[in-house]
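Here subunit A shows up in two complexes: once beside subunit B, once beside subunit C.
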Partner chain A sequence: MSDFLKSLDPRINRLSIPAEFGSSFPEKDEKDQFITYEVFVQPKENKAMQHEGIVHAPTEEMAFLFAKEQFSRRGMSCVGIWVIKTTAIQVSPITENGEDIYDYINKEIMEGAEENGLSTYQVFQLAKRGKQHSLSGSVEANSFEEALWNAKNTFADDKPALNLWIVKEEDILKIEGDEFADIWNTLPDKKYRDAMDYKATEKIKKFKEEQQKA
Partner chain B sequence: MYGGGQVFEPSSTNNELLKDEDPKKLAEFEARIARGEKIEPKDWMPKLYRKQLIRMIEQHAHSEIIGSLPEGTWITRAPGFKRKLALMAKVQDEVGHAQLLYGAAETLGKSREQMIEDLITGKSKYSNIFNYPTFTWADSCFISWLVDAGAIVNQLANARGSYGPYCRALDRICAEESFHLKYGHHCVIHLATGTPKQRQMMQEAVNRWWAPMMHFFGPSDKISTHTEILTKWKVKMATNDECRQQFLDMYVPKIWELGLTIPDENLKKNEETGEWEFTEPDWEEFKRVINGDGPCNKERLAVRRTAEERGAWVRRALAAKTKGDKYVAPMA
Partner chain C sequence: MTEEALKDLLYKIADDQLILGHRNSEWTGMGPLLEEDIAFSSMAQDKVGQSLAFYNLLHQLGEQDPDTVAFTRNAEQFHNCQLVELPSGEYDFSLIRHFLFDHAEFIRFQMLAECPIEEVAQVAKKLKGEVKYHVMHANTWVKQLSNANEEAHSKMQSALDYALPYALGIFEPSKYENDFIEAGIYAGEKAIETQWKENIHMVLEEAGLKLPDWDTLKPVYGGRYGKHTEYLQPLLSEMSEVFNEDPTADW
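Coming up: the complex of A and B.
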């Protein structure tokens, strides 16, 4: 009788996992999961930076490494990735399709706002339910509320937006530009990740012809 | 990848949860879905909707992560460098799918850590098919092609569902699945049109995997729990039988054209009804395996649990850097 789990997989045998363990989960003093970061990807020079999803990570540098693997490991190109702590993003209420969030933003929202000096804020808009937020551009402001108001004055003439995300520039880790361009240089070489690399129609045809002859 | 046949709550608990919802809000919610609009995380939603979605997305995520194990085992022994590269890329995709799906479920308010705990303690399920072993390279080829094909049938249906974050994750997943499918087909064709020994190896894999494949889509709609409300809310987008029929229609001819046989003498398309007929799968075995008594259940969970336990010190060390940062649910 073995004390270790026996597997068909040699790697699992090497792990020496006890054959029997209790059904209770290993005790933890506190939850040990990492916080989440929201990931934005710019696939091409002429396309907007767009929200792609999240990663769990202990630091923003590791968030970038995970984001790069998760959201830019295939495709023909990528020109930049931004990662932002979920808690660093300020969110407007979500409106109905056909409405415009900018119609609900007026000057009064700035009353009593906590001012913390002039900084740059990036503005992301949601064009439609079900879609992803994409970058509209930046505004200068003394507070989130003022950033909202300035966003209205800068972007409200564009297509209607359902929902806004606003982030202070200093809370964004930006990996983009010439300095980082070589990170994605090898993407077009990874043909083996692409369905196009697995053509087999000829082989099936030849096989069928041989079967018929036989 | 994952299977249908998710375990939904029996309808009595459903009624219990629905009873005290605000009728006005409920009507607005249902009208939004009827208009074909997506529900987003901050929208009002019935408790039952939230609960069933978490359950479904979570099961899907677990299936991706556990599903990478029977294939992952063949990476070191894949025949040749090209196959190794491709299989590594595929397995990485599957684990990536799990991450995307956990993220989508998290927007509904259940943390990833809690989901993984529920997986390891057996509280939440994953696709039954991954409780079977991959004896040979051909078994891994069967999974890459046909189990993924089955998963695609499910995933394409669900991508038309009502919950925004889940649909977005599925769009991304389906795009990658097309590589899995082509790669898997390529592998199977290679064996099936190869030497007699290779052909035999492939045929034996088909023989082993056919029954689990039929189970994959879940019990027949005639005997499974009623899910009308989940259909109305666009949580469940196609019935188990519809998915199974679609799979048979698309892939049985492709299996046959390779000169492979399927171990069910009753399997044929009824030309009048357009439906495939087959021997009723053994649902007792399905139940037995789903409840823990399959050939690999224990190993799959032990491997997950070991990764969790033995990685804990790394998380602890790194978490020291984030002291003060509180976990919150992701946004979209």
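Coming up: the complex of A and C.
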């Protein structure tokens, strides 16, 4: 037997997997995965930016490329995508039984906060279990904690928020606005990417009937 | 400008898109990362869709329907440049081809978006956003890989060196070149080529890849006049295999 497994599959050819492994296996590399980025999509002009999922990527720009195809390949429209490194997002505790997370935020949380100058923070909130986080808006603050306090004063209302994500404006890669609007121009013409667009039932029925007759 | 000239222009655009779309779709299921597999496949699908838009314009001008035109012609009846028909090779070559081709295509669509023939301008205006994203994708990957390790960099440089003479074939002058320019259809192949050289230069510089002296390169011409490599006919036979099972089938 030769040194390498033989296969026509190029994935195997290129990996050059040996036919026989030795008695000991090497340790797993500490870092053999790309880091993750959170992807937010704004489906329409008058809708809020909302969390769609995660992509693994080596850089922010690559994360955008992957995000665009994973999360805006289908659907009627898209007007913008934000990409944020997962570790750049700070998360509040999550509440149970419909309690409002804002009720737990008081002025004292700012004590001892690490202040790093006034900047803009974007606030995302979760309105319901099983839904996605969506953008409430932005606040100016000197720290994540102050941003949380300011978010309470700006966005708390009758409807409870279960969980908050806070991120610094400068940590967001934004692909949106007039400069990029046209990259989603043809989305409404791509219904062929949805299973719904293939109405085969009638054809199959007709085909079966013809077969039975024959 | 005659209708013949316009058809010549539309055919070369449509054929480029169809053949490259088909080639790039060969990566489906084999891309280097799942996400990239999906992205590259999605762009391949865009390209086939773009070819359909131009075959539809040709159909309006009296040519046969898009399926017939796409699936029943022989290699010598295709007007695509040879760059797009070359085998997909390794990912370095596929990426570099995508980079070189889409930069040219973006300039072409920008010009055609101003075309006095309303139907052509509308199609170009609509599709140029897709091509813009394809260029963003290509630029990001070319920079990422070329600035990675030495092996990646040298693979990207070799792929570029190999592809460039074929890429110059994109701009093979048509026999109607002056008619297009006089009628203001678009500024002509020479103008696209000049702009293209500037645009790719900027990205390649960031990628640390070297461009040779343009005067030392001999463009690979012939594709626009039906002269193709040995690789096109097998591609066409494979692409039309299902269609030819039953050309009258209703999809």
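What to note about this one:
Everything that follows uses one rule, which is that the second predicted complex is superposed on the first by the 165 of 214 C-alpha atoms of A that agree within 3 Å, B and C clash if a C-alpha of one lies under 4 Å from a C-alpha of the other, contacts with A are read in each partner's own complex, and residues count from 1 in each chain.
Keep in mind that, in the parts below, contacts are C-beta pairs under 8 Å (C-beta built on N, C-alpha and C of every residue); 3 or more make two chains touch, one makes a residue touch a chain.
The structure displayed is predicted, hence computed values, not measured ones.
In the superposition on chain A, A:Thr186 contacts subunit C only, with no contact to subunit B.
When both complexes are overlaid on chain A, the residue A:Lys85 reaches subunit B alone and has no touch with subunit C. When the two complexes are overlaid on their common chain A, residue A:Gln212 makes contact with neither subunit B nor subunit C.
In the superposition on chain A, contact of A:Leu65 is made with subunit C only, not with subunit B.
Judged by the touch definition given at the top, the superposed model places A:Thr36 against subunit B, while subunit C stays out of reach. Legend: residue contacts after superposition of the two complexes on their common chain; A:Arg73 is shown touching both subunit B and subunit C. Legend: residue contacts after superposition of the two complexes on their common chain; A:Ile54 is shown touching subunit B, with no touch to subunit C.
Legend: residue contacts after superposition of the two complexes on their common chain; A:Asn97 is shown touching subunit B, with no touch to subunit C.
By the touch criterion defined above, A:Asn46 lies against neither subunit B nor subunit C after alignment on the C-alpha atoms of chain A.
One of subunit B and subunit C touches more residues of subunit A, and that partner is B. Touched by subunit B in one complex and by subunit C in the other are residues 10-11, 55-56, 58-59, 62, 69-70, 73, 190, 193 of subunit A. For subunit A in complex with subunit B, the residues that touch the partner chain are 5, 7-12, 15, 17, 21, 23-26, 28, 31-36, 38, 51, 53-56, 58-59, 62, 69-70, 73-74, 85-87, 89, 91, 93-94, 97, 129-130, 132-133, 165, 190, 192-198, 200, 203-204, 206-208, 211. On the subunit A side of its complex with subunit C, the touching residues are 10-11, 55-59, 61-62, 64-66, 68-70, 73, 181-186, 189-190, 193.
Chain contact summary for the complex, subunit C toward subunit A: residues 30, 33, 35-36, 38-39, 42, 45-46, 49, 126-130, 132-133, 136-137, 140-141, 144. Across the complex, subunit B meets subunit A through its residues 37-40, 42-43, 73, 76, 82, 85-86, 89, 92, 96, 99-100, 103, 106, 111-113, 117, 120-122, 133-135, 164, 167-169, 172, 176, 178-179, 181-183, 185-186, 189-190, 192-193, 257-259, 298-299, 302-303, 305-306, 308-309, 312, 315-316, 318-319, 321-322, 325-332.
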